[in-house]
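The structures come next, written out as structure tokens.
Each of the next two complexes has subunit A plus one more chain, namely subunit B in the first and subunit C in the second.
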Partner chain A sequence: MLLHYIASDHRYISGLSAYFDAQGCKLVDYEPERLKDGSFILLIFSPVRCGSVRVSLERVWKKGMELENREAILLNAGFEEAQETNYFDLLNPPANWSDFIALAKPAKLLWEPVYTGGMKMEDKLARFFKGHGAESLTDELYVIRRKTASLFRAMDKYGLPYEVAAAEAFETDNVWRHWEVLKSRWSHYFPLFFYLPFSGQMKKIDASIKQIDPFFRSEGKNGDLFIQLECHQIVEYIHETLFTIEKSYVKGNI
Partner chain B sequence: MSKAIYKILVVDDEPEFHKDLRLALRQGYVFEGALNPSEMHKKLAASDNYDLILLDLALDGKDSAIGLNLIPDLVKNFPEIPIIVVTIEDKISVAVEALKKGANDYLHKKELDFDLWDEKFRDAIETRVLKKENTELKRQVKTYKEQISQEYPFIGESPQTQEIKRTLRIVSEDPNMTVLLTGETGVGKEVAARYLHSQCVRKNSPFVGVNLSAIDKNMLESELFGHKKGSFTNAEYDREGYFRQADTGILMLDEIGDINTDIQIKLLRFLETRLIRPIGWDKDVQLDVQIVTATHRNLQKEVQAGNFREDLYQRLKAMVIEIPALRSRKDDIPLIIRHYLRQQGQEEGLIPNAVMKILMDYVWPGNIRELVNTVRSMMMRRKILGRNIIDPECLPKEIQEFIPGTSFQSQGDNSPQLFDIKMDDRPVDEQKAIVELTRIEAAFKKHSGSGAKKQVASELEYDKEGKSDNLNYRITSFYKQFPHLFSAFPVISSAYKKYIH
Partner chain C sequence: MDQSNSKTLVPQRIMIIVWKWKNSIVENDGKWRTNHKLQTEDCIYCLSDKEFFSTRSEKILKIASECAPNAQVYIFWHRTSSYDSKSVGEILRKLKADQPEQKAECFLFGQGSDFIYIGINEKGLLSPDGAGGEGCFGGIRNNEPIEVVVNEEERIIHYLHFESIWNYYSHLFKARIFDLKEDFLLHFYYWWLRDEAVNPLLLTDSLKTSEDLYRRLKAFAHGLSEEDHLKIKDEITEAKAQRDENKINELFKRHNDLYVMDNCLPNLQSIYGAEVANAYLQLAQLIKENILDVPVISAKQIRPSEKLKDIRLQFKNLLHTMPEEAYY
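Here is the complex of A and B:
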């Protein structure tokens, strides 16, 4: 049996290798693209250290499985003393793994993972998307997007030269400051997103931000960068991706 | 085709939003801005010709209630201007409240999509324009219907007319009853059909009246049932056809006795199945149309003569309503005349009783149509003669002949009196012949000798355009058609004994 795991402390894995060998299980580091496999089982050694904080990822993962593979099984392992299905007590591992797995509930059913400490990732996500008053990442992104979209539309639809459209678009607004706030906010949160069902998308967003950063650092003076770096399209991509994630993981119930 | 340019009032506390909107939608719109409610009121007080208001809700950056509370007043004071809320607020409850208060649409700023917004703005504006046009069209239709109803009023209080109206009201209770209206030309068959329409459940649906004899026979099928573009030479456009135009309403087919066998078959099929097939179509169309037909012909005789299908006739005669000739309901004549005078803005007292009596005594072979034309002609002659009222001299000659003391009836001879001849059962052409022959007979009595024909022709204005043989032609023509009448006109018969045996 193949068992995917997420752990920030690999000592757990080495400590349990004899146990899992005896149960006929092969532990493999979590591969996001395997989530949709029919018999996907994920074991999270919780809480997980992400950057400088320890977070509990279970509820976000359960939501991810509900969205991506409703038959997938989520297990979390910790030191809490609890007798729940889907909970692997590290101090008292199940004697019979086959029975334990047979009783485990798939993600589609209604059940609550055992909380084993750490900051709750669902709260961090909500704060990422909606916190920080009017300077949330999505607020900053909206202002930037409005600029790039209007600039692009004026050029694309009405044939305005970049210089003319940019002079109008960037006349008074300090969009560059908004970009810096966004980057700062992003770099603060990005390490938290390493072990999530949508980590792959977050990594692409990180690369996208880096891709178009030169245009914003040039404060729009170089029109070629706007076109060559596909700033409008990239900003739209970032928005679409974040919008989908927010809709699935923040606006819905986790 | 270039798009219309619309004027939009943007109410938003963020100046950059105004700028971005102008840049992204720089063609097709003229934007004016207000950063707060006070500026908005000033703008609207200065000009209310905005096509759209874009309203942010949190006009202080925080409280959505500020914008929400503006909506009812805007709706009340500027009902013609649609409102679209554009806000950062994404709570569904706020959107619902904005729409309940009268906003036309709700856009979330973070879901920014300028192409979609462009579409939404135009939709809101053009829907408003369409609504306005629709209201105007409804008003015009109402006015038109009122005009039609004034133009085609079923006037008359005579027992015969009251009975016809009562029958039509009863018939109107069955909206699928096929009705055949018969009667002489000009008796008001279309007026009766419109009266039926005004009384029945189809009154808010179309009334389409078609005079079949006025349509080129080669085009009749296409005109009635429609055609597809290219289905025959010269079919350059799709044509809907009168049947489809009348869907859910009434189609009145006047002069039904004049249609050829092919059209008769198609009409019969419709009456049996409610289906038509436009030319060039490969499938039938089902319609809900009540058929009212009318004719001055005797359809039974047309069936016997082989000109009209028996089965169609049986279908059409399900409900036959005979509209009586005007001469058989003389009490209606003053009412119709007064109605016409009122319609023309003339005083009812313009026609003195003596003249009214003459008009009531006349036979009116052309029925109401002739009566209305006669009144129109009398009004004109009154002006030409410079009279205050319509006196007998304003009457047309054929009516003057009937004035007691001038017409041959009152001369005490043995000539058959016109009113002794039973007119009602005769075809219109024959009735007209009687009227004209009566005038000629009377004229011959005034003139004798070798120049009599010329004098008669001159008096009756048959010699116009230098055609002095017109009188001869008339007499011989009448004799060919109605030889049996001439025993009643001995003076004519004597003058034309060469032709009349």
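Here is the complex of A and C:
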């Protein structure tokens, strides 16, 4: 039996290798492209360590598997003492893994994973997306997007030279300050996204932020950067990607 | 706390920050309010760390006596200039005796390395070096000024900075105990899997191979000794001599974890009362008996698989008696 796993510490895997060998199971590091495979089983050693905090991400993953592969089985393993289907108490492992899997519920059914005591990722995500909050990215991105869209439109549709269009677009709201705040908040959150179902998209957003940063750091003084770095398109991409994730994982009531 | 939601109102929240404040901040009574529209009684009292310990203690007790009887009081203590191990327990005991309904906690901070600083947290409160090396609200982060004060004349700060700090420190002790539990069980998981009777000294030796965990566990179960304090001081002195900023920052974080462990018991007693303190003491005793204080010559044999389950259960008892989440 093939088990894909997510673990932030290799000691879980090395410690359990003899146990899983005896159970006839093979553990392989999770690869996102295998998520849609038939008979897919994912075992998360939870909570995972992300920087200085421990994150319980099982509820977000339950949602992720509902969206991506409804027949797949999600299991979480931890030191929390509990006896539930789909949960593997590390100090009380199943005597027979085949029986354990036979009882496990697929992602499509209504059930809640055992909470393993770390930061609740579903709550953290809600704050990340919530407008007007001290931890939210939405407000900052909204201001930036409004400005870059207005600048792009003035140049593309009305043919205004960059200097004229930029002077008007950036006259109010101190977009450079909003960009710094956005980067600061992103740097706080990004490590927390490392083990999530949409971590690949978040890595692309991180790269996108780095790509257009030189334009914002120049405070718009270098107009060529706006076009060369595709600032407008990149900001739109960031917005659309985050919007899709929010719609699936936050507004969808995890 | 969302300003628009009146249902989330909580009892008065007071921060008392003992620090190297510049004079204009601590003058009069050093009291600053926030601009929260609903939590209008929340405030910060700024006390200078240049005063004698006894004077400061009297001021803290006086402030607490003038607050609401059910107020929550967080004392932030500048570690490098005013801390000693006993002082935390002392002030918390006095506060509890004077104001039994208030919930008081005490946290240490210093060297710009804690969450309360702007340099660490964009919604922090303090700048490590104001003009002339004195402390003030707000500061520079990523070359950008962060304004904390909304109205200097009326002594008002932005409530979002207050909320950020309050939320973080509300979860600090539980988060650190939870971390200790996870690190402890993971470290000994290998011994649990072996499932055979062993001399507990082997567990002690195994623990010592992970110095960070060993020191945290010792601070949790025994408190920091004079020797531990000296070691902390020596490590910092050495890193400073090498001018290794990364090492200094890492050491401050590690040392802060040790101080949090060291201060757990008086804080838990003050916040939650006897039930949680008893759960803590039972856990500490179990760790001492089976791991930390095993006699050097011991014929005793234990089964790690059983002892780890006992210790896990005691961690669970302690964590479950603390009602808040481990992390915000």
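Note that the second predicted complex is superposed on the first by the 250 of 254 C-alpha atoms of A that agree within 3 Å, B and C clash if a C-alpha of one lies under 4 Å from a C-alpha of the other, contacts with A are read in each partner's own complex, and residues count from 1 in each chain.
The rule we apply is simple: a contact is a pair of C-beta atoms (placed from the backbone, for glycine too) under 8 Å apart; a residue touches a chain by one contact, two chains touch by 3 or more.
Note that the coordinates shown come from a computational prediction; the quantities given were computed from them, not determined experimentally.
Once both complexes are superposed on subunit A, the partners subunit B and subunit C fit side by side without clashing.
In the superposed model, A:S150 lies in contact with subunit B only, and not with subunit C. Touched residues of subunit A were counted for both subunit B and subunit C, and C has more of them. Geometry note, superposition on chain A: angle between subunit B and subunit C about the Cα centre of subunit A is 130 degrees, to the nearest 10. With both structures placed on the common chain, the touch criterion links A:R185 to subunit C but leaves subunit B unconnected. Looking at the shared chain after the overlay, A:F79 reaches subunit C, while subunit B stays out of its contact range.
In the superposition on chain A, contact of A:R11 is made with subunit C only, not with subunit B. By the touch criterion defined above, A:K120 lies against subunit C but remains apart from subunit B after alignment on the C-alpha atoms of chain A. In the superposition on chain A, A:E171 contacts subunit B only, with no contact to subunit C. Fitting both structures onto chain A leaves subunit B and subunit C with a minimum C-alpha separation of 8 Å. When the two complexes are laid over each other on chain A, subunit A has residues 134 in contact with both subunit B and subunit C. Those residues of subunit A that touch subunit C in the shared complex are 9, 11-12, 15-16, 18-19, 47, 52-55, 79, 81, 90-91, 117-120, 133-134, 177, 180-181, 183-185, 188.
Partner subunit B is touched in their complex by these residues of subunit A: 134, 138-139, 142-143, 145-147, 149-151, 153-154, 158, 160, 165, 168-169, 171-173, 243.
Of all the residues in subunit C, the ones that touch subunit A in their complex are 2, 122-123, 141-142, 144, 160, 163-164, 175, 178-179, 181-182, 185-187, 189-190, 192-193, 253, 305, 308-309, 312-313, 316, 319, 325-328.
Every residue of subunit B that touches subunit A in the complex is listed here, in rising order: 15-17, 19-24, 26-27, 61, 88, 109-112, 114-115.
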